[in-house]
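The structure is given below, and queries will be raised subsequently.
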Amino acid sequence: MKFSKFFTVCMLHALLFFFIFTPGVWAKKPIVIGVPTSIGFLEGKECLKSVQLAVEEINEKGGVKVGNESRMLKVESLDIRDAAPGVPVPEALLGIEKLILEKKPTALVVGPFRSEALMAAMDIIAKYKVPLLGTIAMSPASEGKIKKNPEKYKYIFRLCLNAKYLVKYLAGTMGFINSQFGFNKVYIMNQDVAWARKTAEIVKKVYFDKAGWEVVGMESYPTGTSDFSSALMKVKAKGAQVILPIFDMPQSGILVKQWNAMKVPSLMAGFISPLAGPSAWKTFNKKIEGAINVNFEMGSAISSDKIPLSKTFVESYEKRWGKKLEAGHGPAPSYESVYLLAEAIERANSLDPDAIVEELEKTDRQGVMGRIKFDEGHQTVYDMDPDKAAVAAVVQWTDAGKRTIVFPPLIAEGKIKLPKGLAAVK
Amino acid sequence: MLEVKDLMVFFENALALNGLSLTVNKGEIVGIIGSNSAGKTTLMNTLSGLIIDMRIKEELRGGERISVYGKVLYKNKDITLTKPDERVKMGIVLSRERHPIFPESSVVENMKIAGYLRTKKEIQETMQYVFELFPGLTKYKKKRAGFLSGGEQQMLAIGMALIVRPEVLLLDEPLLGLSPMMQKSVVDAIRDLNKSIGITVILSEQFARPVLPMIDKGYVVENGMLTLSGTGQELMDNPEIKAAYFGV
Amino acid sequence: MKKRKERIDRGIKARSGDIFALSSYREMMYLSAPRFVPIIGFLILPLLLGVYWQKVLLSVAVFALLAISWDILAQTGMVSLGQALFFGVGAYITGALNHYWGVPPFISIPLATIFGGIICTLMLLPVLRLRGIYFSMVTLIIPLMLVRVIEATKIFGGTEGLTGMTPLPSRWVEVYLVIGIMLVCLFGFRRMMDSDYGLVLRGICDNDRSVINAGINIYWYKTQALFIASSIGAFAGALMTHVYMFVGMPVFALDYSIFPIAAVVVGGPGTLAGATLGACLLVPLSEALRGFGGLRIVFYGIFLVVFTVAIPEGIFPYVQRKYNEFERWVEVDK
Amino acid sequence: MNQAKILEAININKNFGGVQAVKNISFEVNKGELLGVIGPNGSGKTTLVNLITQFVRLSSGSIKFKGKKIDHLPPHKIIGLGISRTFQMVRPFYKLPAYKNMIIPLYSPRAKSLLGGKYGDRDAMALDLLEEVGFERDSFVAYKPAGVLPQGYLKRLELAKAMSLQPDLMILDELFSGLSLAEVASILPIVEKLLQKGISIIMIEHRLKELFKIADRVIVLNYGEKIADGYAQEVMESEAVKNAYLGTEA
Amino acid sequence: MLIGTIIYALINSVILCLIAMGFNLTFGISGVANFAYGAFYILSAYTTWIMINSFHLPYFLSVIFSIIFTMALGALMYQVVLKRVRGQAISEVIATFAIGLSILELFRYFGFVGFEYNLPPFIDASVVIMGTYVDVQRIIIVIAGIILVLALWFFTHNTSLGLAFRGIAQDERTALTFGIDSDKIATLAVSIGAGFAAIAASVIIPLGTISPSDGYDILIKALAVCIIGGLGSTGGVIFASFLIGFAERFTDTFIGSHWTMIVSLAAILIVLIVKPSGLFGKQKELEERI
């Protein structure tokens, strides 16, 4: 008696299990998009959510057409923790391999944080032939690798800004500042990681040195530094009017606070990740007025009236997840990459990686970040005009706690204003 | 006052104490005589409860299995399984072998640490007494205990035990490694404190000669077993004891 | 009547290492089974596993090697917190050889093993006199420092590292090479630690002054142990470099220092087999936990705590003890 | 006394954090003799041993062994030259069986060159040596882990370890402390046998009666100073020794 | 410039000292190297944050709550885990490290990353000291540091509990014979060490933001200071934090910031090689003599 009851319950459970977890019985197998990244970090977290948002939107509209049938998209994410300093690269690579081998994704998006992890992952991706649309790591070295051996590494694309384009934006902003206020003394502070250091070096070489600026100091800080007093004192002593910071570590918040507390009379203009999102105003207790920051891609925690899609994206993200976007790097391209992929699959009409890659190379899409096209290094082209290329946005915090886009001019909402206590030289 | 009944202690499979029984009356000085590894220290540890602490720690570590059988009665209460700090509160204080002191602290601080369970005033009073008992310590009050000589350290160790104001004082080999002269002054001090404040003292020793004259009762332990017992005088007259334990 | 649990050893003679009493078939099984089961298991396993789990097995073997290397050091009285140093140095040597001069892996790996051992030994030579926790701390710090040095001086590709190493011919070579070496290390060094030479090494840990007192230069022996251990670690690093075709600062990551120790603590120190067993448990566990996503490391941590608390002596010694001893209740006789 | 000096200490001093543990001591050991060192606890006896074997560095002074200065050498070299010692607190390798304890000294360069031996042989050599100091060959005692052996056997083991190095000079640091009279009686002949072999011995001891049976000469230390030096009987008579060490009762 | 560097070097030293003191205290007394120390530091900061932002408690109440909470957690960790692995240094290290790992990754998992996780400074202002702007929060840190050191000194020299701490630190078994319960004291030691971490976090975190990965950095820093100073010695910790603190800031100003870490790590190596038991480590000679 008792046993038969137990048996029935067991059977019922088994049946239930069968129906719930195997939707494949009646639906066509979904197309899997893998998201191997460091989900425990702000950028990773928001990138994943953006990808999920895009997938949900596409599925709502009926999925992706391959052949004669519509197939749903499905996200499989895996935390590879490569952004944490103690994690060895093989550990991250093993995660990517696991994702590829076990979930059989059609493509990967977002990808590793650290450039060295991306560089190492490229070989694995080439081995398994799974397209990767990277949106975080930004060292130009990976493009070099693609250009050197295009056939082998053709599966790797990058949608986010790379260091080269970041230089362009920084140089542009600096030029603006120079022409508007006559400032020409700069102090460069950067995190001691490949992309940041390279960016700093290139800005100095291609812009400051040529445009007649005086670079009064250049410091690189190991990840984890928690005191910037000596550099700030040097800034003051040497009379630098502009500080150019390039940081994406959480501790860079200390730099902002210290800049504030030490009342350094210079304009903070560059990239510090804590300054990108809307919550920075509260984080820094309303004391970041005048700070200028680059949001790496339009749509990543910033939107412009002139690019309607970016507004839709930022708003629907907030609606879907109940929280505003904060990361100035990653979310918009992550969101876009799903659309690019869906379109490429439909055009290729197949799930064959080589066919998808071929179509991806032909991408030309007006999206959240502007117009998206790839160059021969599989890097999305960034420029100043959203109708011609993808754009980033340089924003300034105003005294009302709002962010105004000040560069590039085509999408600018206002002019750069000097914060209180800082006067133009001319 | 203190009664031990059929005490057996095993370290793993090795028998350290075997069916040991003894009685201690109030105000007595009792000597436990036995050669090395006869079980004196184990007995002292069992009386003071240290063995309970050791057993718990070994068990947690998955190491040696220590088993204790038999009974230890104190003022007619069974304290076999009482933890050492509880026993200290009851008035049983052990001064371990090889002059246990805190080498990094000064002499006065050592006593203060020992007075953990006593009030400041009590510590001050007892400290006064200790310095009277061992005038040799007075000049080293501020000196780090680790730099004292062996005999002075032993004096300090006894002094520290006194700070706790014990009713039963256990001294494990207090004379070990002391020169004959030092031995004498320590023996005098023990006799003195037994007489003046009536503390019950149990001490263990390898060599009977210096301690036999002062003890009221003595037990001879060999291989964990009691072989002989009697008053100090009786033991002194015993030819076997003379042969075995009266080395220089 | 009171009873007491008694432990009895299953014949001291059968275990004492040198005096074998191979009298019966059962006796022989009893002695040889624990040796053959893992060998055969490791040799067959790759054939049964898919590509991904093969990679995991590779990882197991690499961590087992690091754990063995840790255990050899620990048995010699040097508790290291920096296996990453050995791993990283090996990785960078083979990386540099392969990247700058195109030395093929089958030459660069052995070179990295030997020179990695020499370089690490030289690096730690000044601190050989340190004991206990101070030695541990120095070993913890040196890899961290090397990372900073590479970062600051931009040598060997700086923060980006070197990529595009020559891979090994096939994944079968990868996995069998590392398993083979691991088994050789496991049994070879177990044997060594049981020999007279090993006794001296273990003596240093147990009681270094007694060893000095025997007229033996403990620093020379410590140096040798250090060389052995760092060579093993360097081999692991060199191999991983060719498997993942990449070498960079993360080869000095804290994980390479901590997880081998965790493996030894879980498996049981002082046996080498325990170290291997620990790696065999922890690495697949960590992989299996990937399903938990972000919670993975949390669970991993909890497992570690539970292991260390539940079986403080380690699994292998525990199993070994149970394998070798009976327990029975005996009466406490009067 | 015109024998050759085997060991000579000249004005040796040792400071420990401001405390003078050994004050300006000079003494010598002649070949083949047994020198007793006595003194109250904390008088610097063990420090003296540590200084001879350089486990502790000299603050000043010098030590010569067979006419050569040795105070700049590391301990293992000194031991390799032919000085071996036992520890007051026994220092066995607790986890190893007793006979395996012997392997370590047998593996030392000195023992290897004097006794030879390959892997495997040493076990037999170890057992022989252990038998010499009184481990019964047919019992299991030698196979038991050192940790479970009683004190008496550990002291013998300590002695056997020192003997296995084939030394010219042996330093026995309170070999008899903690042993019963019977045990001491059984070890004494072993020491005598060593003397007959021509090995010089320094013996630190509290057990004066036994010591005086075999000691040729005795030095007495008190608070790091040498207060007496000479034949046993002379020393015991001296006032200074009586005051410092024996007390009035003895 | 030089004066400014000295001022900030001083502040930096006090910060290091605050960070290291709790770790040192725990190790000195109970012999437990608490590798979950960094996690406790971060945990207390998050606790304060949650109290302020989710339960809307006033700031100071939240700080006090988080200190007490962290201390309780430390005690719990000792009772549940450490008690069972006492005396096995490696097991202790692994167990505490694993606990720290779990705590930090748990916060990461629950999405406690981002820049909105920060604590407001106690007083948001700055003052000018000898021509250098210093924010009040940093001055508060210095004051807190001085108060803590003095309190600790008073505690260990004048209260019976503090003296018991020192007793256990020197000889556990002997202390046991005087009725000092070693488990109780060790629990307290771990707990107070955790409390120190919490206090340090409460005053230091307002300078920046809270992030789980800081936990590892804090641990390494605490270790570095304690090793240079000689584990378990309070005077040593103070001295060592000034040594590293000044070395860091002066390298920053006069050599280059990317050498900062190397200089302080090299300092550790040199100290250890020259003086193996740390600058103020317990004297080995004592051991030899007895």
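Here the chain labels run A, B, C, D and E in written order, and each chain numbers its own residues starting at 1.
In the analysis below, a contact is a pair of C-beta atoms (placed from the backbone, for glycine too) under 8 Å apart; a residue touches a chain by one contact, two chains touch by 3 or more.
Predicted model, so just to flag it, every value in this text is computed and none were measured.
*Asks:* Would you kindly count the fewest steps from subunit A to subunit B, each step being a jump to a chain that touches the current one?
*Replies:* Between subunit A and subunit B, the shortest chain-hopping route counts 2.
*Asks:* Which chains sit in contact with both members of the pair subunit B and subunit C?
*Replies:* D, E
*Asks:* Could you pull out the chain whose C-alpha mean position is farthest off from that of subunit B?
*Replies:* The chain lying farthest from subunit B is A.
*Asks:* Which integer distance in Å separates the CA centroid of subunit A from that of subunit C?
*Replies:* Roughly 40 Å separates the two chain centres.
*Asks:* Which integer distance in Å separates the CA centroid of subunit A from that of subunit E?
*Replies:* 36
*Asks:* I'd like to verify one number: the distance from the centre of subunit B to the centre of subunit D, where each centre is the average of its C-alpha atoms, in whole angstrom.
*Replies:* A distance of 31 Å separates the two centres.
*Asks:* If you average the CA atoms of subunit A and of subunit D, how far apart do the two points sit, in angstrom?
*Replies:* Spacing between the chain centres: roughly 74 Å.
*Asks:* Which parts of subunit C, given as residue numbers and ranges, touch two or more other chains?
*Replies:* Expected reply: 148, 151-152, 254, 293-294, 296-297, 312.
*Asks:* Out of subunit B, which residues touch more than one other chain, so two or more?
*Replies:* In subunit B, residues 60-61, 147 touch at least two other chains, as defined above.
*Asks:* Can you list every residue of subunit D that touches 2 or more other chains, as numbers and ranges?
*Replies:* Touching at least two other chains: 16-17, 19, 55.
*Asks:* Which residues of subunit C touch subunit E once you look at their complex with the stated criterion?
*Replies:* 74, 79, 81, 126-127, 129-134, 137-138, 140-142, 144-145, 148-149, 151-152, 254, 258, 261-262, 264-265, 269, 293-298, 300-302, 304-305, 308-309, 312
*Asks:* Which of the residues in subunit A end up touching subunit E in this complex?
*Replies:* Where subunit A meets subunit E, its residues are 40-42, 45, 84-86, 192, 219-222, 224-227, 229-231, 233-234, 237, 250-251, 253-254, 257-258, 261-263, 273-274, 277, 279-280, 282-283, 285, 287, 326.
*Asks:* Can you tell me which positions in subunit B touch subunit D when the two form their complex?
*Replies:* 14, 35-37, 147, 149-151, 177-184, 206, 243-245, 247-248
*Asks:* Where on subunit B does subunit E make contact in their complex?
*Replies:* Against subunit E, the touching part of subunit B is residues 48, 50, 53, 57, 60-61, 83-85, 88-89, 93-96, 100-105, 109, 112-117, 120, 146-147, 160-161, 163-164.
*Asks:* Report the residues of subunit C in contact with subunit A in the complex, numbered from low to high.
*Replies:* Listed in rising order, the residues are 50-52, 55-56, 59, 148, 151-152, 158-161, 163-164, 167, 240, 243-246, 248-251, 253-256, 287, 290, 293-294, 296-297.
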